[in-house]
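Heads up, the next two complexes both have chain A, just with different partners, chain B and then chain C.
Let's look at the complex of A and B:
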C-alpha cells in the first residue's frame, strides 16, 4: 500500500498504527511556498510488518518547516526505513525531529533513519535531531544525517559540458531528490517540478 | 555457559578503589548559605574579588533550577543543604610541610606516587607524569613543580595559583564557563574548593604529561573542584585526569568545572579516565558526576578530548569546544560503559564560529545490566563559519536485554558552505562474531572482551600510554563474564 500526502492539500494523519498490512509505504511532501508543522507518529504492532517512510521538503523565502516524526517498534521482528530529504534556500529553515523508539523486548528489530539536507545559501538554516531510544538488545538500528551544499565538482563537470549553471544546479537538485521523487506518480512529480 | 549467569557475574564484580582512608579531617558544618561561602573563602585566604565572584555565582544559582532534560531517571533530588562543602585533611603541626604518610599510602595504593623518588635519585623517572593530587576539598601535593618551573610552566593547585598568580587567574577564570552557565556550574563557581591550575607559556612544549587525580574520601561531602588550563600561543600540552571514591550506600555529589583556553596555534590533549564508585549491584550509592567541561580554541588551535567513562552512578557530562578562531580544530573521542543500574548521559558540543573550523566526534557507548547509556550532542555551525566541517559517529553496543542505549544528537547548520555528517548505529555482539571466536578456542568471556576491546580501540588508541593501559584494564574488569 502506498500513501502519498502533500502538505497543504492532503490531511496528514497525526497518529497511526501498522498492524494489518505487511508493507506500508508513506510519502510526505512539503511543496515550496508553504510553511507547515508536521507531526506524525506510527506504532508498529505486529512482527513482520514493514514501514517504508519517506519525505521531501522545500523551504524557500523565509518559510519554516517542522517535522516531528516518531516511529515506535512496540513488538520485535518489524522493519522500518525512513528517508527524508530537504532543500533549503533564500532564508528557508527546517527542523527535523525524528525518533526511533524500540520498546523493551522488541528484539529482531531493524530500523533505519536518514535525513539529508542541502543549504543553497547561508541565509537558510537546517536543524536536525535524529534520535534513537532503544530498550532491547537484539536490534539493528542506525541513523544518518548530513547537512551540506551542492557539490562544486559536479557542477563544474556539468558546466564544462556546456550545461548552463542554472540548469546544472537544477539537475543536481533533482538527482539529490530523486530517491524520494521517484516514489510519486507522474502527475504529482510534475506538480512539484513546476513549483521548483 | 548460561547467559543469565554470566550477566550476573558482571554485576558482581569488585570495585578495587573502594577503600576508605582513616585520617584526621577538618569539616565545616553541613549546609549552603552565603556564610558557608564566606567561610570557605576565608579558609583559603582568598582576595576580595574571588569572594565577590563566588557570591555573585551563588546569587545566580539561587535563581536557577536543576536541569531535568537528561535521560537520567535515577538522578535523585539532591538536598543541597545536606552536603558538607569543605573537608580537608588536618596538617600535622610538627611537620607542616610534609605530606601525611597515610595520604601518601592512599595515593600509592591508587597507583599515584606523590614523591619524586626516582627523579631525586638521579635515575630517569619511570613515569614522566606530573600529578596534582586532590583529596576531598584540597590539593595535597603537586609533583615535579621545580622541573616544570624551569621551562616557565606553572602547575599547581588552584588555591596556590590564586595566591601566587592572581592576575593570570583573574584574566582567564570563567571566560569559557561563565558563573551562570548552568545550574551545576553556578554551584561550582560559588563553592569550589580546589583543583588544578596550569599555564604553559608561549611556544613551550610541555616536557611531560600533566595530570590531576581527584579522590573523594570523607562521607557526606561533595567535591567541587575547578580546573583552569591555559595554553599560550604555540604551546602544547597533554593533560590527564583520574578519579576514584570509596564504596558507600549513599550518593555523593561531584560537580566540577574544567576550563581550557587554547591560544593561537596551541595544542591541548585532555584525557579522562573516570572511575568514580558506580554504586553496588542493586544501584545503591555511587557518585553523581555532574560536570561542565569546555574549551575555547583561538586561531589555528587544536583541542582534543578523550574520555573513558566507566564509573559513577549518574554521569552528566558534555566536554565541549568553541571553535572561535579560524582554522581551529577539535576532536572528541569517548567510550562510556554503564553496568548494573548506572546511567550516563554524555556527549559533546562543537560550536563552529570561525572559518575553516573542523571537528570530529567518535562516541562508543556500551550498556550492560539494567543501565541506560545516552549520547547527547550538539554540532552548531554559525553563519560566519565558512567551510566548517564536522563528522560524527556514535555507536552503541548492548549487552543483555534489560539495558538501554540512546542517541540524541542535534545538528544546527546556518552556513551553506559547511558540511556536517552524523551517523549512529546500535547493535549487539553478533552470534557470528562469537561463533568465530569460539570455534578457535576462545571462551565466550574472552571473546566478548576481545570484541569490546576492538570496538573501543579507536578511542583507546588516542589515550596517552599510561592511561591506555589503565583504561583497557578497567574495561575488561567491568566486562568480566559479559556476553550479549
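Let's look at the complex of A and C:
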C-alpha cells in the first residue's frame, strides 16, 4: 500500500497501525508556503510487516516545520525505515523529533531513521532529536542526521556546463530530494516543483 | 587571432601561491599540450581558466578571443565556448544525463539568442553524440556519473564536450587511468572537434594521448611557471629523461 499525504491538502492521520498489510509505504510532503505540526505514531503489530516512511519538507520562505514521529515495534521480526529530507531557506526552520520504540520481547527488529537537511542560508536552521527506546535484545536500530549546504563542487560542475547559477541550485535541490521525490506520481512532483 | 592569451598569471589557493607568472598563448584552431610534474599547477590553471571558486588571481590577465575571461562567471565562460573536461567528474544523484545536458544545451542556446531545440531535435543530438563516444543509449537515463567506472566518467566528459561543441576545450588529465579503448574515445573526440575555429589545451602526464592527438605546440609547467615550449620533441624528452631534464 502506498499512501501520500500533502500537508495543507490532505488530512494527515495522527496514528496508524500496521498489521494486515505486509508493506506500508507512506510519504508525507510539506509543500512550500505552509508551516505545519505533524504528530504521527505508527505501531507495527505483526511479525514480518514492513514500514517504509518518507517525508519531504520545504521551508524555503521562512516556514516552520515540526515533526514528531513515533514508530513502535510492538512485536519482533518487523522492519521500519524512515527517510526525511528537507530544504530550508530565508529563515525557515525545522525540528524533527523521531522516536523508535522497541517493546520488550520484540527481538529481530530492524529499524532505521535518517533525517537530512540542506540549509540555503545561515538564517535557517534544522534540528534533529533522534530517540531510541529499546527494550529487547537482538535488534538492529540506527539513526543518522546531517545538516549541510549545497555542495560547491556540484554547483561548479553544473555552471561549468553553462547552467546558470539559480537553475543549477534548483537542480541540486532536486538531486538532494530525489530519493523521496521519486516516490510521488508525476503530477504531485510537478505541483511541488512549480512552487519551489 | 589567439583564442587564449595568458599573461603573467599569478594565482593562489588558501593564501598559497601556486601559479607564479604563467604566460601561454593558444592561437585559434590549434591544439596545445600542457605537461608538468605533479604539483606544478596544471589543475590550478584549469580551475582559474574555468572560474572555479576558491582560487584567487593576484596578478596577470587572461584574454579569451580578446575578452577578459576572468571577469566572466563560469556559465558565461561556457556560453563563450570554453569547456573543461574534469579530472574528477562530479556525481549528481537524481539528475539524469539527459536532463543535465538538456539544461546545458538550452542555456547555451538561450545565451546565443537561439530557439530551444524541440524534444525530437534534442533527442537526435543526444543519440548522435552518445553513439559518437560509444556510450550505450541507456546511459541517457542514468544519474550523472553515479556508479560510473573511471573510464565511463571520462567518456561521459567527452560526450558532454561533443554535445556543447566548444571553441576551446581544456582536458585536465582526461587520459589518466584510462584503458586503451577509452583513451581512443578521448582522442577521437578531440580530433573530431579539431578545426579552424576549434582549439584545445590538453593537460597530461603521458605521451600516449599526445601520440593520438598530436599537439601543435607543447608547454611545460614547473613550479607555477612555463619553463619550456616547443614541439613534439619536448614530449619525447620528458618521456625519456623526465622533467628534471627540462630547466
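To be clear about the criterion, the second predicted complex is superposed on the first by the 196 of 196 C-alpha atoms of A that agree within 3 Å, B and C clash if a C-alpha of one lies under 4 Å from a C-alpha of the other, contacts with A are read in each partner's own complex, and residues count from 1 in each chain.
The criterion applied here is as follows: contacts are C-beta pairs under 8 Å (C-beta built on N, C-alpha and C of every residue); 3 or more make two chains touch, one makes a residue touch a chain.
Computed from a predicted structure; not experimentally measured.
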Of the two partner chains, chain B (first) and chain C (second), which one does A:159 touch, if any: first, second, both, or neither? second
Using the touch definition from the top, say if A:130 reaches chain B (first), chain C (second), both or neither. first
Please work out whether A:142 is in contact with chain B alone, chain C alone, both, or neither, and reply first, second, both or neither. first
Is A:42 contacted by the first partner chain B, the second partner chain C, both or neither? neither
Which touches a greater number of chain A residues, chain B or chain C? B
If you stack the two complexes on chain A, which partner ends up touching A:174: first (chain B), second (chain C), both, or neither? second
One more residue to check, A:56. First (chain B), second (chain C), both or neither? neither
In the complex, chain C residues that touch chain A: 50-54, 73-75, 77-79, 83-84, 86, 89-90, 92-95, 100-101, 103-104, 107-108, 111, 160, 164
In their complex, what parts of chain B are in touch with chain A? 381, 383, 396, 398-428, 484
Sort out for me which residues of chain A touch chain C in the complex. 152-154, 156-165, 167-168, 171-172, 174-179, 181-182
Can you check the complex and tell me which residues of chain A touch chain B? 104-105, 107, 119-122, 124-149
